[in-house]
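For clarity, chains are labelled A, B, C and D in written order, and residue numbers in each chain start from 1.
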Amino acid sequence: ADPKLGIVYDAGGKFDKSFNQSAFEGASRFKKETNINFIEVQASSDTQAEQMLRGLARKNLDLIASIGFAQTQAVQKVAKEFPKVHFVLIDGVAQGANVNSVTFKEEEGSYLVGVAAAMASKSKKLGFVGGIDIPLIRAFACGYEQGAKATYPKVEVIQNMVGTTAAAWNDPAKGGELARSQFERGVDVVFAVAGGSGLGTLQTAKEKGKLGIGVDSNQNHLYPGSILTSMVKRVDNAIYDSFMQMKNGTWKAGVTAKGLKEGGVDWALDENNRKLITPEIEKRVLGARKDIIDGKVKVIDYRAGNHCPV
Amino acid sequence: MTFADLHLDSVLVSTVRNAPVLIFAAMAGLFAERSGVIDIGLEGKILASAFVSAAVAFATQNPWYGVAAGMAVSAALAMLQAYVAITQKGNQLVGGIAINIAMSGLTFVLAQFFFQQGGRTPDLGQARLFDVVLPGSAAVEHIPFLGWLYAHLIGGHSVLVYLAFALVPLVHWVIYHSRFGLRLRACGENPHAADAAGVNVERQRYLAMLVAGVLCSFSGAYLAIVQSGFFLRDMSAGAGYLALTAMVFGNWRPVYTFLGCLMFGFFGAVQIQIEGVELPVVGRIPGSLIQMVPYVVTVIVLAGLMAKSVAPKALGTPFVKSR
Amino acid sequence: MNNHDLPRWATAFVLPILNLLSAMLVAAGVIYLLGESPTESLGILLHSAILNPEGLGYTLFYASSFVFTGLSVSIAMQAGLFNIGSEGQMYFGGLGLTLAMLAFDSTLPTWALIPAAIAGAALFGALWACVPGYLQAKRGSHIVVTTIMFNFICASLMNFIIVKYLIPAGEQNTASRAFSDAAAMPLLNQWFPVLGETPLNISFLIALVALVIYGVVVSRSAWGFKLRTVGQNPHAAHYAGIRLSKMIITVMLISGALAGLGSVNSILGSTHYLSLNFVGGAGFIGIAIALMGRQHPLGILLSAVLFGALIQGGFDLSLEKPNIPTETFIFIQGLIILFCGAMEYFYAPAIIAVLKRKKG
Amino acid sequence: MQPAVEFRAISKQFGAVQANADVSFSIAKGSIHGLVGENGAGKSTLMSILYGYYRADSGQILLDGQAQSIRTSQEAIRLGIGMVHQHFMLVENMTVLDNVMLGAEGGFKLAAQRATVEAQLRAICTRYRLDVDPLATIAELSVGAQQRVEILKQIYRSANILILDEPTAVLTAQETASLFDILRLFKEQGKTIILITHKLQEILDITDTVTVMRGGRVIGAVPTAGTTKEELANMMVGRPIENNLPRAPYHPGAPVLTVENLQLQDAQHVQLLADIGFTLRAGEIVAIAGVSGNGQSELMEILAGMRLPTTGKLTYLGQELPYGRRHDADGLPLAFRELGIAHVPEDRLRDGVVKSFSVMHNTILGYQDKLKNRWGLFDFKAIAARCAGLMKKFDVRPANGDLRIGLLSGGNQQKVVIAREVLAQPKLMLVGQPTRGVDIGTIESIHTQLLALRDAGVAILLVSVELEEVRALADRILVMCGGRITGELKIEEFDTTRIGLLMGGMHKS
């Protein structure tokens, strides 16, 4: 029989232009290919996450995907109550014999776009626009800076955060304003890791004739010619794979950290940014990519010690 | 850190660019509240007009149609608020908050229904308002200071920015030197006196709300068509409440309210500049703490310098002909 | 016509029901336009929020927090103060509670932890309200402005504190560590197993007690009389020898403490840890609840339950009906506030006309 | 001749109250028509109907023989009706000029009009000898000056029918006299004037005919020439009114309050009170006479603890009043009340009552801490009983403690306030303008209460601008002018001219 599947998005919702949306896309792809449906709900608070998870578990679902680290505790608790139901948690690590925790090495992907940014920049001043000042966002920033500095040690990275409330993910005006102010300080490439606010950043980059870097999904198509690349975080693949494994009976519990090697993160090169990525840039980025995969270069995860080496 | 690190030029330009959202909404609130109707529903009207103006500008590929449509919707919401506050004599705070909450939900549902992009409208592309380039900007560009002043601080903004700044003297004149303003103030201060003097209080308040609705729509249009180039759910991000704050801060007077808006704009811009910068004495302030700068400044200014705020006396009380 | 001419049963029951129906009618129209059946949707909503005991448990769980924020806004409103800061006060109250739990949850037993949590939450909530209160009382700084500012300031400060000090090493979640099992509010499902796995806990009972105390204090006590006098006529309050500034500060402290208590339900009742932006708008909903409930204890309770029901029912509905996004319920909340809170007398003329025709 | 105004069977009901019942009478053109009646008789309601403020439930109004339906004040104004309301209808934070222009601006742009209107106003002020500065802000003006602004407004608009609802309630004798001069001028110009007042002497002085109302009905309409005060009073109240109330002989007891060298400066260092000194003894009523705005209000506020003096020694029953080391008067009135000082504030709507509270709750105001039990709660049964007793004793009408006090007539509100303060059994009673806007029947009862209090040994300090009232109540009279006491008289020396001179600041050495 077909597996019964479900997704619980976190407070950002399935259209957050970030990992929730990516998860939704992966599940949709699975649905299209297999014609197997899935149930989806959004949990606006941690309490609701638990409620939703339990609600879905009671429906005897086979696999429930929980998107976002905010659901960690809820997954842990509900997984214990329903040992027959399988869970996959994105961006967090939960204990349990029936839980597969998937985290991503955002720092590795960010490193690559940092390399590309440092090379593409003429002023050697790079910008970073984050949503809220939390460890996850700092991991992006830190990887980005490592990549940039490894390429061009004197490069300067200016960082700004949009805000401190949930509104910080949906404030394109502020996202744009931060980019503008960075441009006025000489920045010419900006990496936007701020959900919907980041769209304002990319839009401003296009308007001002500067370069933007997208995040999570491949955002190159948004403003072809002015988005240098995107740091893709393949939550979609993670979900798609989980669902597939469930269908094929190969699903396994455990903890997976997906980096470049595992195809969890990457940079995006397609027809939309082909012209921006010169052969030198491409060569350098691919080189760095290989070094990381081979373990020659070790990108430090901000979250490991709560500090950034550069 | 040196003075140059402050990037004062960038801060000033940023202030000019950020203030219009607040100025339009605060001036809107001023009209409503000077007539005696509390307008806590600015946020909802901004959001509604942002959505409608982006959607219409996209559909017609003409930003002006977008602005006009936003105006119509924001005015219609203001009329609903007026009907609640004036005709139904309902609680004005409740009416305003209801509009805020309802619009937060409805704009998302509609945006999703029409565009299927997760509560976002498509990018407006060319259907945005143009920036005004003052004649001869290119020529003076390289002259130190003056070039910057002319081409970047004064010139180079969207038409709506100029409208916002032009609005301030205009509102001042209307409030203090026109018949409309005289009656408006009388209705907000002592509607019974206005009524006894032959002023139709309800009509005056409806008119005030209409003006408020129209002015507020520019705020939304500016956010969507000028600043962002698309609509995004909940993109007003508290601008309506901040505008209301600027108005109270300015003691319900146009020029002081305007200064309040500039202050928010200015400290918002300063906050961007000092994020991550090594400051004298305090050193590097963590990003999340930097975010509170504009708000802390407001509280300090309010507590330290300003005299007691005096709201229009009849603010919030429906006009009932009885003692 | 005059609204005061209406009989009591009409203002107390007929009008609210008609208003609720109107809001539901508009909502039904929207649901219909979204391509779903309104009657079926309403059925699901009702079943999931009220009829199904577990759903009711959740409804009341959400309502418990709302009662506290509603009370927080209401009590300040009695003194003529519009406290928009309950959101921040509840958030900061959560910090107080968390600090108390982090310090004692491994050493103290449950019966001591709960009072400690309540004290911590109330203390920190009050602390966050005291500056705006003081500035209003002594400097005349407008409370609406200062409390809005303090919401923003609180968000920044909490962001800083949680990220910098509270996230346990190696954790992703932007939250403090989970407290020990001792630090949990007793759940009501111990006594009422029918409630199933709901986080409904004794906070609900505390909320009910708080409502009763609020009602008695406001309308039957000398202090409440002073409070209302300050709100209705500050000149007369001064004449009566009521200390205006002390009253303003005191009531803001109480208001902040009540908002802070809202965090006990959501943290100790359910998540057992403090997370970023955990308040999620409960403070702002408190404003709507206070206004809709007319600052009356029963009104506050009913509005809180109504909002809880919408949140709870909305989930299940959006689960069953994928065409109806959760945001639809935000819109419906707005409609209900509009019809029941702001246009409460919309149908009064019609009812008066009907009554007159019957008499005449 | 066609009457200017004719009321035909006007009825108006507010809830259970029949404010006007079948009111019919007419007013001759070019006459001054008096309208008298007890508080709540329905005078203001009737005039509000004429001014389009309320709509009558039934009945008709004819102007110059034409039936008119006046639905709004705009329509009334267009028909040439002007009204000076019982409670001023002025926008306090605007100038006199703007207040006059409001509703009659003459164009969208004010700037051009302002200059011409200002010139016109100055001309009117000279012509009618009105002392008003068109550029002054209303809030800065004394009550008398505000009254003049109301008159100015009507002259400017040249109303043909002018309604004046208790215009003299807050005026001094001189101000009243100059108002009447203006009214006579109007009359010469052929205007019709309707004057409502509780002061029967004024009716006799200026009106041509007078209509008496009671309980919403017209009791009688008589030519002024053929009537007397006693007859009018009798028609109004339904019983004769005693002018000279009996009182015990003057035997003052020990000093209750001694004021020495009291000074008061405001934040701008303007001297509001200077060198005030007097002694008040048990069992006497000392009245402070004077034109309002000469510091009486401030003196009362200081004595009630609502304001701090700048310097001065105030001794109450042998101990100094507790102003010391306070930087504001927050909460001080309570301490004073506990010492046995009761206070009937002169602005009862602002200070004395909470309009939205019931009568019963208003009887608690100021004594909330005395009436609570040890749990801090009220025993509403006892309080309701207390309120009922108090309403009965002081004849508050309607005797319903659950009614919002805002719905009571001014006189009845005042009775509630006085009753509340008397009930506290004070040793010192401060009374400000106790009968402002109050009908003669109620004045009589309020005066009786105050005299009874004096006879019981309470020291009473009375501030009143009504010399009639001062004469009826006082044992001694202090006259204030410009923040100083300009003279002191015993009641036997009562002499209107001499008091008038002292009120004008003229010392008689």
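Simple rule for what comes next: contacts are C-beta pairs under 8 Å (C-beta built on N, C-alpha and C of every residue); 3 or more make two chains touch, one makes a residue touch a chain.
None of these values were measured; they are calculated from a predicted model.
Averaging C-alpha coordinates per chain and comparing to chain A, the farthest chain turns out to be D.
Per-chain Cα centroids separate chain B from chain D by 46 Å. Distance between chain A and chain C, defined via averaged C-alpha coordinates, is recorded as 35 Å. Averaging Cα coordinates per chain places chain A and chain D 75 Å apart. Residue positions of chain B touching 2 or more other chains: 112, 119, 233, 238, 286, 288, 291.
Chain contacts: chain A has residues 13, 132-133, 163-164 touching two or more partner chains. Touching two or more other chains at once are residues 152, 155-156, 159-160, 163 of chain C. Pairwise chain contacts present here: A-B, A-C, B-C, B-D, C-D [touch as defined].
Taken together, the chain A residues at the contact with chain B in this complex read 13-17, 21, 132-133, 158-161, 163-164, 167, 170-174, 176-178, 180-181, 184-185, 196, 199-200, 203, 207, 222.
Touching chain D in their complex are the following residues of chain B: 177-183, 185-186, 189-190, 192-200, 313, 321, 323. On the chain D side of its complex with chain B, the touching residues are 51, 53-54, 72-74, 77, 83, 85, 87-94, 98-99, 101-105, 107-111, 153, 406-407. Put simply, chain A touches chain C in their complex at residues 11, 13, 39-42, 44-48, 50-52, 54-55, 69-70, 72-73, 81, 91-93, 103, 132-136, 163-166, 303-304, 306. Residues 7, 9-10, 13-14, 17-18, 21, 112, 117-120, 123, 223, 227-230, 232-235, 237-238, 268-269, 272-273, 275-276, 286-288, 291 of chain B are the ones touching chain A in the complex.
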